[in-house]
Amino acid sequence: MFRNNYDNDSVTFSPQGRIFQVEYASEAVKQGSVVVGIVSKTHAVLVAVKRNAEELSSYQKKIIAIDEHLGLSLAGLASDARVLSNFMKQQSLSSRLTYGRAIPVSRLVTSIGDRAQTNTQHYGKRPYGVGLLVAGVDESGPHLFEFQPSGMTQEMVACAIGARSQMARTYLERNLEKFADCGKEKLIAHGLRALKESLAQDKELTVENCSVGVVGVRGEGMTAIEGFKLFDGQDVQQWLSLVTEGAEEGEGEGEGMEVDS
Amino acid sequence: MNHLPQAWGRPRDDVYGPYDSSYLQNNGPNQHTQQPIVTGTSVIALKFKDGVVIAADNLASYGSLARFTNVKRLRKFADTSVVGFGGDVSDMQYLDRLLNSLDIDEAYSSAGDTLNAHNLHTYLSKVLYKRRSDFNPLWNQLLVAGLDGEDMPFLASADLLGTTFSSPSLATGFGAHLAQPILRKVAPDEETAAKLSKEDAVQSVKECMKVLFYRDARSLDKYSIAVITKEGIDLKEDEKLEQQSWAFADKIRGYGTQVN
Amino acid sequence: MAMFSQNPLMNGPNYSFNQAPATASDGHKQHGFYPYTDNGGSTLAISGADFTIMAGDTRSTSGYSINTRYKPKVFKIGGTTASQNDATIVLSVVGFAADGEALKERLDAVVKMYRYQHGKPMSVKACAQRLSTILYGKRFFPYYVTAILGGLDEEGKGVVYSYDPVGSYEREMCRAAGAAASLIMPFLDNQVNFKNQYEPESGAGHELQEREKIPLPRGEVEDLVKDAFDSAVERHIEVGDGLQMMIVTKDGIEERYLPLKKD
């Protein structure tokens, strides 16, 4: 019987140059329900589909507010995400304490990237089984970052991770040019539409299974920020109604014009 | 032959007398800074319409000895702020190295978000407070001048105890008694300071440096002065006090040459 | 002579290598550095039926010098934003300003972490208990401050907790702290708790009826605070420049600044 000898730990390369434990961790991300993030010149949004393990249970937490100026959404092991989110909370509090400054988003993301990387290079450690989308604003405006268990982080214009996220990514790629100039409402609508693409056939977005997080600046080139706000439950309705069938007309027009050209 | 190898090659007690090892003994406590040694005197600063002006003389004293006469006590940070140091010069140099490494660390994050004067002051005050809490103080009084997050003039003080405060004008050491009253007359509150022109501010600070030189025995007529505005930092480190007039002196008993 | 001195084992000529301990012996540490200072100023808190007023002057002093005319001593605690505009708890600290600042920031971080971990704001009661343990945690190197914590309790009533520097605390109707505490507190005893006030002609000796205690309306309390500080400024050199007031109600925290004499 064939048995993979190179996946017993996260420090051993396979002869093909792969580290299987890290790849398995990436699989864990793909098991998680889908989350989408988009950034414009003024806002960064996160939208997520929540799952409930069974009929009787509550829905999982997909978006976590970290600080006034940033939050994250997760796909994968929620408990691992909590560890990372606690660390990020501490980092951002400590930045405010020692410098009186909101921590720059890129720096915070780099710091969790470094932590995740050490897990892939020390025997007996396990990579984080979670992927994150981090949305925030800092002195250089709104940002969206992707984080993967390998320790890889990169800044994105739009991103989707989790189960069936390829469909959402296709939607994002198709509408890429529109995002930069979107306001808060349009950006969230795009996010929700991308989310819809990834949904299984019999599923629909409802106030129960959907979360929205928004952060932004009050106009380009900020100083005054619109703090990270998390919408759950009934609060999501206002956003969902943006993308219900009746409200889609405007977008339909847009689609038609594209076909024309 | 002596069988204690540790003793080989050492002076014999019967020849040289017992060795006085008392100097090696450190039978006191762990020594932390108990007092400043080489010191700088006042730092003064004043906010104006679109920036801050800050000044300090170039003297480092060893007690009453004017030991070093070319010590620069104003330090630029990241082209956004200036820190003025009063108190112990070695601790100033330590903080200088600390700020250098902080500057480098910050520059690595290419995002272009540098620490502004407000951030810098918060950081320095935490360093000072931490050290005082360890009973190992950095014996300094600092003024941090620059612009804050909204590009407004920023001026604040931090000292060896970690005490912090901010005001339209500030002065450390002797300056708190001699210069601050003059500066407060020029800018009694933030509103007045926000109307003050750069020329008037610089003029007032120079005048204060002169008053300090007249009356502070640990001061020098060579000084550094920096003006921080949105356009950048204009730091001059080799200024000389101009238009001194010691005419007042011979009218004062004990100041001039008269004996009684 | 030296032949038979020093080392009894060798009983011969001795050699001078260091037999003294290489490291410093344990001794009592002595320090010329005193880690505290007094920055003067005074604070005051009064609770009402549905509000709490916290106030403090804004002068900061070192000896006879005024450091600045505006150094707040009253702080909002535990909001979610940098401006603390959604905070519900107020802390005032007076004494050694650097310790006060450190205490404020620590308590603020604790309350923020509470909200992050529990998903709801901390009650004033819980915050008061926590502040006590923070202060007592530095029992042998205390935060040299007199703290007062204010807000609204679970029933929406005004609440004031006052502390000593090492964490002993109690809930009170009102409290004055700091340099002019001894000037303001007796005034408050009389005007807020109606001490030494009796019903006119209610009798003599044991027959004397105390004036009935009623919680004061907000406007009256604001005037009381202003009067207390105006009087303290006249008699205490470390008090003056400005009066900062925070009024906690169910609608949030209202902040007010009034000038005081600057002499």
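Quick notes on this structure:
A, B and C label the chains in the order they appear, each numbered from 1.
Keep in mind that, in the parts below, a residue touches a chain if its C-beta (ideal position, glycine included) is under 8 Å from a C-beta of that chain, and two chains touch if they have at least 3 such contacts.
Only a predicted model underlies this, so the values are computations on that prediction, with no experimental measurement involved.
When every pair of chains is scored by its C-beta contact pairs, the maximum goes to B-C. Farthest chain from subunit C (centres taken as the mean of C-alpha atoms): A. For the pair subunit A and subunit C, the distance between mean C-alpha positions equals 43 Å. The centroid of the Cα atoms in subunit A and the matching centroid in subunit B are 48 Å apart.
Taking each chain's centre as the average of its CA atoms, subunit B and subunit C sit 31 Å apart.
Within subunit A, the positions touching two or more other chains are listed as 97. Residue ranges on subunit C touching subunit B, taken from their complex, read 2-3, 5-6, 10, 13-25, 27-33, 35-37, 39, 60, 62, 65, 67-71, 96-98, 101-102, 141. Touching subunit C in their complex are the following residues of subunit B: 2, 4, 6-7, 10-14, 16-19, 21-22, 24-30, 32-35, 125, 129, 132-133, 135, 137, 157, 161-167, 170, 176-177, 180, 189.
Interface of subunit A with subunit C (complex): residues 65, 68, 89, 93, 96-97, 102, 227. Listing the residues of subunit B that touch subunit A in their complex gives 109, 111-113, 115, 118-119, 122-123, 126, 149-150. Note for the complex: subunit A touches subunit B at residues 97-101, 104, 106-107, 110, 138-140, 223.
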